[in-house]
Structure formats: structure tokens, C-alpha cells
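Following are the structures in question.
Across the two complexes that follow, subunit A remains constant while its partner is subunit B and subsequently subunit C.
Our next item is the complex of A and B:
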């Protein structure tokens, strides 16, 4: 094989992707244009049904908002941790990165289960708040959006931290020293030097957390319960409980499009901010 | 001015320190709590646990009482092993083919192969279920293996492509100018140098397959039950206390795996880059 023909090595995988990835997705789009669940009557009925129902918009908005809230919480807690990592001596850095990566290797289901124990009526959080005297009655945290956002913050945290740390550790430490030597406080250095320069990592982290939390089926159903309805639960109910495949196809296309729209808008912003810095 | 600055710096240390500590706690505490509760003597999963016993572990390892869970574990391991093996073969071939190509199509191919990472897994899971059903295939582990391969191969592709791009092209050229064949160069020069990258990718793909929910949710059936789906069932209606023991085993296993990966390929270093 010559160097010019090396590209042919990608052919087997390309074949697999066309037949096992592209074809099913095209079929999904095709199925959505059938009116009945036996998939015999072509038509736009399911699209009209989905987008004619205000409930669908509520589910879409709730799903996207859940992603936004989780992103905000992971930034608020993850960014400071990344800053501490940056300032830590190498030995402590090794311990920190181990703690950060470890949950990533731990099954999402286990991490979700942990929050059932944490958030329950006599769970750890309620016991702590009661003993500190902050609350007098146990809070209802399971099957609420607050509880779900708290759990997703932990579950998705590594996805925020890894890109952040990867970008931050490539920053020139002289920049921070120069900023301090010129009289800037640490806050000013943070917002005028570190945050703009770490923007690509921050955007990458937000992308991953958003995409993952909006589609986190197990956490959403187990912590959120069946009363909090997000798109993944709707898709699951329609396809595997009600067996209305065309409607489930429409809902999953709605999930795909709404998540990808936010993700591409974010990555466009990310590219713009890094282009601005270089330019 | 100096006083003001030190005050500002103090508030910085306080605020950033508190938030970072909170982040660390929120990462670590749930894992510790689960491990502790799994040794409870009681029938409910409360913290602090009442007494100490291995009863839930004993029940979990009982081959009769926990047959379904064992079956799900074997299925998950089998699917992860096969989908990773296929992914390594097809993915590293594709990486070799695309990473050094300057052709515009190579970029397109690369983004196509990486797209399962950004596409919501549930959409692909549902699409795969409809596709396999409508072309008349009966549910089986093979179909789950195919589905997992598609969603995990990007990990292998990414780490392998990164290793290839770090290779000095002169190595390849000198091997060939010394008369080595293309295949000999691949076997004796390229592969040994990119092996750690392939290995790290394979590890990530294997873990992603073990933990995969969206594809397994749609493709698995009662006969081809997968571990995460079974665990979901154990949490859904009434809480089965064995879930704490399963979690304990998985925590120990991922901890061990992580130590091994750190010693062999420096996993955390690779994930930071």
C-alpha cells in the first residue's frame, strides 16, 4: 500500500457508519412522517400533533432549562476548583486530578443512586440542615428540579473540569505574575486575564455538560421521578410504553435539533472569543 | 491602597476557596456515603448505616438469588469486550488512514466518525431500534455490540489520532527509504509508538460501553439485559438494597482500574491534554 492509498484504511469504519449510524437516523426521520403507529399512512400528522400541543413546548423548554441550570451550577463550583488546581503544588495536583477523574469512571447509575441516599427525606442533606438548625422540617428534594440539578452538578462535574484544567494548565504563569506586579488585585486578574484566556476550555466544558445533562435519562427519571417530564422520558414513554414510534421519532428529532442548536451556538461563541483574543 | 488590595485578595481566597471546597465535597461525599451504606445491617439504605454486615454483598454474590444481576453483568462485559475489540480494529485503521491525509474528505470523515459524541444517544438508540426491527432482525447481543461500537469508537479514534499526529514523519520516511515495506513500517515503527494512545482509547471505549444507557435502553430485552438497565430497574419502583452492594463493587472496580491505568499509560495526563 502506498502513502496515497492510506485513506482506504478508513473504508471499513465508513461502511459501518453508513449502514449502522446514518441509515438508522435517516430511517428515524422517515418514520416521523407517518400518521399511525403501524407505520402505514404517510403524512405530517405526528408533527402537527407534537408542535400543536403547548405541552411539547413546555417539555422542550424544561429540558433546555435543566441543561442551563446544570451548566451554571457546574461553572460556579467547577471554575473555582480549577483555579485552586492551577495554584496547587504538583503533589496536590496529582491527588486533585485523581479525585476529579474518578467519578468519570464510576457508572452514571451509581452516581445517580448515591443521590437517592443523599437527597431522601432522612437523607444526608436533610440531616445536616436539620442538625445545623437551618431548617425545622425535612425538605422535599427527591422528585424536585432542585434535587435533580444538585445531583447532575456532581454527575456532570468532571466533564466541566477536564477541559477547563487542560486549557488552564497551558496558560503562561508569567501573565498572572505580570498582572499582579502591575497592581491588579486577584479578582481583577481573574476576570481580565484568566477568564478570557481560559474561554475555550470553559466553552468546551459548558458544551459537554449541557449535552449530557439534557439527555441524562436515568438521572432524570430516578431523581426527577415521573412527574418532572423531560424530552428523554417522553421519548422513552412514547416508544417503549405506548409504542407510538412516529411520535417518538418526532420527539427525538426535537431533542436532537434543540440540543444541537444550543451546542453549535455555544461553540460558535467559543470560536469567536478565541479568535478575538488572537486577533 | 495596599490595605485595600490585601482585603480584596483575602475575599478572593475566601470565596474561591469555599466554592472549590464545596465542589470537592460534592464530588467525593456521595461516593463515600454509598460505600458506607452498602455495609448496613438494616433493610433500608439509610445514613449513617445501622451496624455493620456484609449481608447485601452476600446476597449479591449468591448465584441463585441474584441470577438476573449476574446475567446482566456477563452481558455487559461481553458487549463491552466485543464492541471495544471491533472499535480498536476499525478505529485505529481509520485513524491511520485519515490522520496523515491532507485531503478535504479526510476532515469530513473525521467529523462524521466523531459525531456520535455530540448526537444525543437516545436519538441514535431509538433510531437503531426502529432500523433493526424494520429490517427484520431479532433483538440480540450482536445488535447491542454494533450499537455500542458506533457510540464508543470516537474515543479510540480521538486518542489514536492524537498519538499519530505527535509522530515524527521522518521516522516513517526513513523506514521506507531504508527499504522497509509499508506493512513492515506499520508493524515495527508506527504501531509500537501509537500503542499507548490506542490502549488509552480502548480503555475509555470499554468503560463507556459498560456504562452506556441510551443504546442499551432501546436495544436490550429481558433476555439480553444489560447492567445499567438492570440497575435502573432496581431503583425505579421500590429500592432494592442490593443496588448499594452493586455500587460498592463498581466503586472498588473503577478505583482499581484507575490506579492500573495511571501506572501503565498515565491516564490522567492523557485526559488533561
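Our next item is the complex of A and C:
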């Protein structure tokens, strides 16, 4: 096959990409430069309106913070779980990987409604805590950021664990033994050998969880309710409730740019930290 | 003054006195099977001992127990008489070099060497001086800031060695350290390791499946099979006087001849070979008159001639291959055994016609009871 013929293999995908992603994106940018919701008068009015309103900044910051909190929770819970997975005997590893992947096999809607049952005023968590006498009044978890972070942590966990486990299981098991033989404690081995060498997986997991949790419209709306406003909900309200498409377009671009900025910063850091590992 | 300066050089290289290492009745269980089965070894200070055997014989498991990576089911490991079984790997002060070197890929050569020193909380000035000293010992002083992947296999191995030695371990363990190197480099590294080990006087255990490596590097060899030590002796004794049929077959090339014990007369045993000759050998306590035996003879302990004698048996000569200064003959006995015979190349080869094979005058063949298994 000649070179010309080889690149032609990429054509179907390229056409899909252009027609289903690039064109709508350009359309979106175009729509944002109209002043009225009928899309007749060009102008910067919606941009001025969006960025002139302190509320917009609060929504952007809340959205990014939600992503950061979910990332932190998945790292804190997921990293030890990945270590447990690595130490587990092969048969247990199969069971663990099934449990880890399971959330991906269920619909987002099902997972989210399951969390309503868990987090509700008479839900499983409150009843457990009440019966154990840890709390005297039911906690308010639904329609709070805490409840949202808890459920997103479970929902996004596979996205953290899969890249992490894939990188960690490729580490040479002799490295741990070598470190121990040189007199290092388990903690020193963890922080000086295992964590630095698993950085590529950790960064990939953080990227996926961040991008996914900041845009998790269904979970944000069903568990967070309408009182907790994040960018996806704002976009939905503006486009499908108020029918102000130009304003929704501006908000969409704000979401895209702010998430992309954080994601590319993270991946730059990741490349820098893992640059010396490849070879 | 000259001697003083020499002394300081020696002193700066010298380690704490070499330790003894005793393995007592050690067994390791993997599931239902015993990977190591009641192994005992008493290793002298400063000695190099090779654990030699086929893969799966338990040699690496034994090494990992000594290092503290694997727990034994029973038995004891002592360093200088003190049991170390209760200590985790990071408190044992035992250096180990792995087959794949296991250098930390994200650290420079200097950081790799410093790793064990940092873990021990050695002062940073002392760390710097030891990095310099041990990298000089392995002749890698110029490679301090390189990453492991920028080094060749032999260089990586020397870093692994420097890293293991820098913490001044009481025992050095080498797990198939030369297996990944090409032939020429392997010989160089074997010599270098031996030299270092001598200089530092470290008690060393080398795991290998390569008998030449064990022969050339070790002071004593423990030949292992199925979790047990078959023989623990000097390389020469193992080659010349193998105690079991397994050791006999595993080390070097050998010829096996079937026979029956004809008579035992004090120190000498007469064996009638099925090939048609009677040979006289040293008596072994576990062999009775009339019993079937296997006679094992090294190829260089057989000679060919054209003169018949009671102690020579008729052979049908096969191929002769020149191998450097020697000739390797193939021959077949009348009872169907194939023999390999190594002789120096002579000006006048054995004439054609009837050819007889006999034991060389200095031959010391080994006698084994013929077991049905």
C-alpha cells in the first residue's frame, strides 16, 4: 500500500469528526456572537452579559471546584485500592476488577438514582448512622455538594482506577524488593518508588475524572438539584428552558475553555513528571 | 609512609568482618508442594557459594527467604549465629543484585547508589563520599548523572552492584546476575564480581543455572534439585566425585555404563560391565556384591586403543570431531550405549580395525546403584 492509500483509511473517522464535532463547535461559536435569542442581530451582547455577571464566575469556580474535590476523593480512595489490587492473589484480582468496572456497565441514570436511595433523608446512610447512634438527626445529603461529591466519587472511580492499575501492574515487582533490601520502610518505598513511577497512570486518571465530573450533567442535576448550579445545568436552562441559545453558547464555551485549561495544565505536569520514565 | 597510604586505601575499602551464614532445615511451602525441602547450608565467612540447579529447583526461593522477601514454613537462617528470621527485609542488611538489576528508572546512577544510604539516614556528606567511592570501585565515576536507561546492560549491573555494596551489607546475594549479559561481557563481570567480593571479603551467595558460572565464581557449590540440596562441595569435588546420579548428570558431560558388581575385596570393587569388560574401582558403602550399578565416566577419562585387554571393551567408532586441541570421538558399545570420548589430538590416530575403549590410568569413575526410577 502506498502512503496516500494509508491515510485514506482515516477518512471516515475524519469526516465524522469534522461533521459531528468541528462543524457544530464552529456553529456554537458563531451563535454566541448574536445579541438576541432569535439569532438575528450579531453582536457581543451575550459575552458582555455572561462575563459582566459575578454569578457566572461563581458557577465556573463551583464547577471547577466540584471537579477538584471529586479528583481528590477518587485519588485518596482509589490509590490505596490500586495498591490492594496489586498485592491481591490473581483470583481475587479478577473479582476486584469486576467490582471496579461494574459502575461502567450500569447506566448513569441507574447509578444516580441508586445514590438517591442511599443519600436520602430516610436513605441507607442516614438510617445506618442513626441506628449506630453516630448522629441524632438525619444528615442532609441530597442537594448538597457533599452528597454530590460522594456519588460522583463512586461513579467516576473506574476512570481513576483503570489507568492507575494498568500502569502499576507494569511496574517491576523487584523494585519493591530492591527498595526493601536497601533498608527502606514500606512508606519510603511507596513515596519514593511506587508513587513517582505510577505518576503517568495517576495523571491520566485525574484527567478523566476531572473532565467527566465537571460535565456530569445527570448526576449534578439529579443529586445536586436545581439549587446547586454548575455550568452544565446553566447551559441546559438557558438553551432548553429559556431558549436563549446565544447565552447558552457563551456558557458552553466558558465550560469548554475552563475544563480544557485545567486538563492541559494537568497533562503538561504529567508529561513533565513522567518524561524520564519512558525509554 | 607508603605502607600507611596503602593501608588507608585498604581501610577505606574494608568492610566489617565477613559473616557466617547458616541455613538450618529450611522448608518453604507453596500451596501443597515444598519449594524448598529441609535445606541446610553452613557458609563460611567470605565464602562465595553458588546455588546451582535447573529452573524450579528452589534456588531462587531459598535466596528470597534469606533476603526476607519470602517466609519459610520451618527452619532458620542465622547470620554470625544470630537468627534473622523475625526481621523484615529492610532490617536485615543483606544486599541483593537482581537478574534484571531492578534499578530505580526515575533516579540517576548517583541517586540509585544513595538510595539505601538515605533510607538509613546517613549524613549527606558521607553519602556523597560513598557514592564517589563505590562508583569508582565499579568504574562508573563518570556516569553519576546518567539515568539507568542510558546505560548498557553491563553498566547497569555495575550500578546495581554499587547500590547493593554502598550500604555495607553483611551478606551479598546475587540472583542470576550474569544471565542477561552476552558471553564476553559475562566473563568480564564474573571476574569483576569475584575481585570485588575478594577485596571486600563479603560472604556471597550466587544463584545460577549455569554450571560453568558456578564452577568459575564459587568456592563451593550447592547443587539443588526438587527443593533439596543434592551435594554441597567444592567445584572440583562436585565434578570429580558427584554423590548422586542427578549431580553426575547435571554437571559436565558424562558417559553411563551398565554393569554388575562381580566382587568386593576390601577397598576395591570389581564391576563387570554389560559392554564386556571388568573394571576395578574404589568401594562404596551402599553397594553390595551382585547388585546392578551404573558407572559414570567423564569423556576425558576414557581412551581408545587397538589392543584388547580384560579391562577394555569393544566399541564401534562413530564420528570424530576436532574441538580445538582435542578430538571428540563418538563410539557405540556392544550393549548399545553411546559414548563420548575426549582425547588430545595425536599425530598417529588409532588405526582402523577393532577398537577398544578403556578407562584412562588416572580415571576415577563414579559408581551409583542402578535404581529403577
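The rule is short, and it goes like this: the second predicted complex is superposed on the first by the 271 of 279 C-alpha atoms of A that agree within 3 Å, B and C clash if a C-alpha of one lies under 4 Å from a C-alpha of the other, contacts with A are read in each partner's own complex, and residues count from 1 in each chain.
Following the convention adopted for this analysis, contacts are C-beta pairs under 8 Å (C-beta built on N, C-alpha and C of every residue); 3 or more make two chains touch, one makes a residue touch a chain.
What you see is a predicted model, and the numbers here were worked out from it, not measured in a lab.
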Overlaying the two complexes on subunit A, which is it for subunit B and subunit C: clash or fit? fit
Of the two partner chains, subunit B (first) and subunit C (second), which one does A:166 touch, if any: first, second, both, or neither? first
When the two structures are overlaid on chain A, which partner does A:68 contact: first (subunit B), second (subunit C), both, or neither? neither
Tell me which partner A:129 touches in the superposition: subunit B (first), subunit C (second), both or neither. neither
More subunit A residues in contact - subunit B or subunit C: B
Which partner does A:175 reach: the first (subunit B), the second (subunit C), both, or neither? second
Just checking: does A:185 make contact with subunit B only, subunit C only, both, or neither of them? Give me first, second, both or neither. both
I'd like to know which partner A:232 touches here: subunit B for first, subunit C for second, both or neither. first
Rounded to the nearest 10, the angle in degrees at the CA centre of subunit A toward subunit B and subunit C equals 80
Partner chain(s) touched by A:196 [first = subunit B, second = subunit C, both, neither]: second
Distance floor for C-alpha atoms, subunit B against subunit C, superposed on A, in Å, equals 6
The shared contact residues of subunit A with subunit B and subunit C are 183, 185
Listed in rising order, the residues of subunit A that touch subunit B in the complex are 1-3, 6-14, 16-17, 20-21, 23-25, 27-28, 31, 39, 76-81, 83-84, 94, 96-103, 105-118, 122-124, 127, 150, 153-154, 157, 162, 165-166, 169, 183, 185-187, 190, 211, 214-215, 217-218, 221-222, 232, 235-236, 239-240, 245, 248-249, 252-253, 255-256, 259-260, 263
The subunit B residues in contact with subunit A across the complex are 5, 8-9, 11-13, 15-17, 19-20, 22-24, 26-31, 33-34, 37, 45-47, 90-91, 93-94, 96-98, 100-101, 103, 105-106, 109, 112-113, 116, 118-124, 126-132, 134, 146-147, 149-150, 153, 182-183, 207, 210-211, 213-214, 217-218, 228, 231-232, 235-236, 239, 243-244, 246-247, 250-251, 254-255, 257-258, 262, 267-268, 271-273
Given the complex with subunit C, which residues does subunit A contribute to the contact? 172, 174-175, 177-185, 188, 192-193, 196-197, 276-277, 279
Where on subunit C is subunit A touching in the complex? 64, 67-69, 88-96, 98, 100, 102-106, 115-116, 119-120, 147, 149-150, 163-164, 167
